[in-house]
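The chains carry the letters A, B, C, D, E and F, assigned in the order they are written, with residues numbered from 1 in each.
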Amino acid sequence: MPDKTALVVSAHSADFVWRCGGAIALHAEKGCDVTVVCLSYGERGESAKLWKEGGMTLDRVKTERRKEAEAAARALDVHDIRFFDLGDYPLVMDQDAKFRLVDVIREVMPSFMLTHSTWDPYNPDHMLTLQWTLECRAIAQAWGHNPGQAVLGAPQVYLFEPHQTEQMNWKPDVFLDITPVWDRKWAAIQCMQGQEHLWSFYRNAAENRANHFQRNSGGQSGGRAAKYAEGFQSVFPRTVDEL
Amino acid sequence: MPDKTALVVSAHSADFVWRCGGAIALHAEKGCDVTVVCLSYGERGESAKLWKEGGMTLDRVKTERRKEAEAAARALDVHDIRFFDLGDYPLVMDQDAKFRLVDVIREVMPSFMLTHSTWDPYNPDHMLTLQWTLECRAIAQAWGHNPGQAVLGAPQVYLFEPHQTEQMNWKPDVFLDITPVWDRKWAAIQCMQGQEHLWSFYRNAAENRANHFQRNSGGQSGGRAAKYAEGFQSVFPRTVDEL
Amino acid sequence: MPDKTALVVSAHSADFVWRCGGAIALHAEKGCDVTVVCLSYGERGESAKLWKEGGMTLDRVKTERRKEAEAAARALDVHDIRFFDLGDYPLVMDQDAKFRLVDVIREVMPSFMLTHSTWDPYNPDHMLTLQWTLECRAIAQAWGHNPGQAVLGAPQVYLFEPHQTEQMNWKPDVFLDITPVWDRKWAAIQCMQGQEHLWSFYRNAAENRANHFQRNSGGQSGGRAAKYAEGFQSVFPRTVDEL
Amino acid sequence: MPDKTALVVSAHSADFVWRCGGAIALHAEKGCDVTVVCLSYGERGESAKLWKEGGMTLDRVKTERRKEAEAAARALDVHDIRFFDLGDYPLVMDQDAKFRLVDVIREVMPSFMLTHSTWDPYNPDHMLTLQWTLECRAIAQAWGHNPGQAVLGAPQVYLFEPHQTEQMNWKPDVFLDITPVWDRKWAAIQCMQGQEHLWSFYRNAAENRANHFQRNSGGQSGGRAAKYAEGFQSVFPRTVDEL
Amino acid sequence: MPDKTALVVSAHSADFVWRCGGAIALHAEKGCDVTVVCLSYGERGESAKLWKEGGMTLDRVKTERRKEAEAAARALDVHDIRFFDLGDYPLVMDQDAKFRLVDVIREVMPSFMLTHSTWDPYNPDHMLTLQWTLECRAIAQAWGHNPGQAVLGAPQVYLFEPHQTEQMNWKPDVFLDITPVWDRKWAAIQCMQGQEHLWSFYRNAAENRANHFQRNSGGQSGGRAAKYAEGFQSVFPRTVDEL
Amino acid sequence: MPDKTALVVSAHSADFVWRCGGAIALHAEKGCDVTVVCLSYGERGESAKLWKEGGMTLDRVKTERRKEAEAAARALDVHDIRFFDLGDYPLVMDQDAKFRLVDVIREVMPSFMLTHSTWDPYNPDHMLTLQWTLECRAIAQAWGHNPGQAVLGAPQVYLFEPHQTEQMNWKPDVFLDITPVWDRKWAAIQCMQGQEHLWSFYRNAAENRANHFQRNSGGQSGGRAAKYAEGFQSVFPRTVDEL
């Protein structure tokens, strides 16, 4: 898979770890360069533990969050991680920020993209990220945007698993076996010192998705065992030569 | 693909031609044995042209419809075609008929199945076929059904394209390039002498799905041209080792 | 409208009054023959008040309910009312009953049909009635059903207003002004001695639908006033020569 | 809660354990009598491990499954468990069986009911169980069914958690803290010797639902910790005197 | 209920009256402080009657609308009413206005919130209000927003009844008996001199919701009578200790 | 139809041709003045063929696209075409642009409007156009917007056919026979020199919609033949005096 690349668009700097850390590590291991864009550090809305400590400032929180994200990225063998530092709660993406993301998309030319789900009443940052990602994908396909630059094809966009799947109307249509790289994902998860309350949550989720993997690959009759898996929802239809 | 097999469950004897003739011929060409079960001949509800001729009886209509279906099956290189002759409008599947379909499923052990969509206010036979197919798939997975017999795994079920897609809440998530076998599908379509008004409809549909194929495989930037395609909606999630 | 006919399929003998009494009376007034089929009398499940009286038997309840329905039908100028007496709670429609309904459909050759909504967790009789009506409509279109008989075209099926619209996933796409015949509907409603607790409910509903009528016909700027209206949800697309 | 009663309708004899064992034990502890109806033993379709042993017969499987279910019921302090023995894969509920369930409903007069979700392409037995339960609930409300018998009010119906929630279109709207009775649920789970592969799956699920409980009860600011929880989807609206 | 507080976010200054006036008065009576935020006066889009009078200016309309809203608030015993005066048709909420709403949320620390539904093709102001309210709720939960300030928990958000419920995809899951405070709501409604055409509409709606209240609390068997009710749709799951 | 007017809101300058060229020409022929607003030229995102030529600039592309659109408008007998030149990919409509569209709406006072569908993950410009159109329709109805100006009534908004109907959740509820004006639509299509790959796609679509027209107008029994048709989805309910 040396020619394959992938792009993750993460609203806050920890989202890529919980939600698709396995997919990142697995594809990295296969030789696929995975780039992660963190639109914000989640410094205001997803750093409660840090804020509960004394004497914290926005800059210190951002620094801590960045360190954690970079450590996790190393654990997952991320090719490149970019921090857009757009602020969070609310995360706002103006035209400049959109064009910046388009630049990254065209630079990476991803074979597929990973981002948030379409609806999230708990966290509008997440659902806006999906809207913006679709918008930037469309701009990257436009021949009239930076004419002369190579133009994006039609990469699949996978929506990774949100925190409360059913409340977000998220329905996975593909399960990925991440057993071979679980150690990496678990190491990356443990980099998230500020959100320790979520560690076992996402280990449980990975184990249960492995159960779904086995069920959908044959169940009690030829189903392939997997110990850890991740689920994704595709936005676009696939094009195939064989069912 | 010598070990792959497929099973099509067709409510009426012409459905498999319009809706997945390309998929059948394509997989046959790759060495996959495709079995077709026609639950009825469509003798009452889908043979208007024959009935408009003078002196028709139910038996004559069924004979004609069977001939057409067999000719189409030959054109598509169907491995085996079974006629359950359950009657249509309404199509009724009692427990015996269900067990008969379970027997075929276990005999074929399909790698994937193809059948009708979930909702069809024009034609309840179609939507009941999907219900029954799911039910029979579950029975074929039951270790206590004919104990000792080999048990079905978890084949994907693809819903093929209905006549008015939007009214049937059908949404394709996979497009299959059938260009290499279009001649076969077109030949099979022409076997359906009683429904000539649908020939060009399904040729148009195949051409337009090819446009969708190209759009989703890259569009104006690297999209692969296809002249004919078919669309399918998956019922179950896929299990993969790579996105 | 002398050539127009309509057919109402009512699960229980009072449903046609509350839910489309205005449509019936209005079309009758325009010269359209409206036939009502009551699949049951609602004798078990919708006659609480009668059962609370002493000494009631199933036959007596059915007799009372029939009288009420006939009186209401007269008030609405129903052309013909048929009682299938299939029983209720549960209402069961076997193949014979279905063919009996097909016979009525072909006899009436309705320009449009009216029946219950698709989902009703309170009252499965209602949602099954829609399923059966669609099935019988399809059979009535089949050239091989009673060959030689004239075959049904493609009448619209309107789902009339259920008791708790939002719980039944019912969404009206057409509002009918029934102001000119409200007196008839109100008279018919008052025939339902056993369900007096619903009288004002359906008057309120008619008044509020009139508000929706006005809002959708122009609101504060040219909206046409209506005092009473009914709402319907179409199952099938319309075919028109002008938008 | 001495006057409260509850009724669980379980398609197969183990469903009530995984899906609402906590709710059962919790309400039992509060003095609520919980009755469980197992429509089948799951002897054909959910007993793979038993069938893989040598020399098994349908009767032996049913006996084993019944023993397990009874042991689990004891662990959960179920008030009464009834086995309808209707067969599974497919589970079929004829009119007699429905009336039998109506009898139980009227005997128990449940304050609330628990059963399966509305859609399950993996397992039609499950979704039919919901249909039948709604139908029987309606019959139990009918004054004309066994006139003179006390008539059912309008108990809530909760859909318990299916195996793959997103594939079944199941969306929980209530989370129940089952921490105080987790030991009982875990003991009941361990009675299911034939399905050991599901033990940790449902422990993980309970832990993760506890995370959702805490998130929805206040999250990082006053959210109440829970170690184990279960989720349910309500079919009907609630009626309250205070929001 | 002395510790309970509630917050209503009303797009235009009359919305809180029609849609949740009963809930406000009822909770006020129980000792709950209810604060209302009116994002605009509805001066451009919901004051047709005033504009039809001669010599009207935007300021005069706003003054009139404010007077009506204040009078209604008094009738309902609203604890506090704030006018954000953001303009309407279109209503636009910039970052400052959002932070202003966040301030109110943190000041009130509502036990629950009430606002508009998710979809409204007639009135985008309404659906944007829900989006903004969810966004502001999330910001109010962020520890990094005004660090040191007390942080919001996870109050339920109830969507109150829109004008055409089915067109707005609104589905109530809770009915509140407002009979004890109907007089207050009716008085508040009559403060809305500019929209007299809606008075009887919302009285009818309250009466019919009372019918739904009774139906869902037991119907013909133990259903509790209510004369007036309001319906609400919950955005988030509930967390409970008992079903 | 001399008093009827219609307004088309087209995100890019070619959309009105493919998606509702038949409706435009047909209504023009009946004496209805049809105005088209092109929010952008589609100069960046829908002009790949032009950009692939050497030496292109944004201005040249816009000029070419405008010429094509004007030629197509002439072929369809469009009454008036306005170019807002707002830019595309992304198309952004600020408050000034919205008020400009409101001005056009009030000037035209359309009997009905035509625009894009609600969801389009391929092309956010399209779905935002629908949002803005609904917003501007509401503003045009506001008595306080430019007081003294005549106020808009409640014109239907029809969503025209997107490129991949099922992916956009678009479901037509009305089919319009455009056979009498097909020559005009075909001529207009051929004006789109830059998108020749779509010509046959939309001819096929028109032919297949004609098949749907016939099916829904009676099918094999009295269905009216049509050679070309267009489909539309209504946003609002209709108000009628007859079903």
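We adopt the following convention: contacts are C-beta pairs under 8 Å (C-beta built on N, C-alpha and C of every residue); 3 or more make two chains touch, one makes a residue touch a chain.
Since we're looking at a predicted model, the values are computed, not measured.
**Q** Same or different: at the chain B/chain D interface, is the fraction of residue numbers used by both copies above or below half?
**A** different
**Q** What is the distance in Å between the mean C-alpha positions of chain B and chain F?
**A** 36
**Q** Please tell me the distance, in whole Å, between the geometric centres of chain A and chain C computed from their C-alpha atoms.
**A** For chain A versus chain C, the centre distance works out to 52 Å.
**Q** Where in chain F do residues touch at least two different other chains?
**A** Within chain F, the residues that touch at least two other chains are 48, 122, 141, 143, 151, 167, 172, 212, 215, 220, 236-237.
**Q** Dump the list of chain pairs that touch, please.
**A** Chains touch in the following pairs: A-B, A-D, A-E, A-F, B-C, B-D, B-F, C-D, C-E, C-F, D-E, E-F.
**Q** Going by the contact rule set out above, which residues of chain F touch chain B in the complex?
**A** Its residues touching chain B are 48, 122, 163-167, 170-172, 197-198, 200-201, 204-205, 207-208, 211-212, 215, 220.
**Q** Inside the complex, what are the residues of chain C that reach chain F?
**A** 1, 6, 23, 26-27, 30, 112, 141, 143, 150-154, 156, 158, 172-177, 212-213, 215-224, 231-232, 234, 236-243
**Q** Considering the complex alone, what residue numbers of chain F touch chain E?
**A** Per the touch definition, chain F meets chain E at residues 95, 98, 131, 134-135, 138-139, 141-145, 147, 151, 157, 235-237.
**Q** Can you check the complex and tell me which residues of chain D touch chain B?
**A** Spelled out, the residues of chain D in touch with chain B are 43-45, 47-48, 51-52, 56, 58, 61, 88-90, 92, 121-125, 167.
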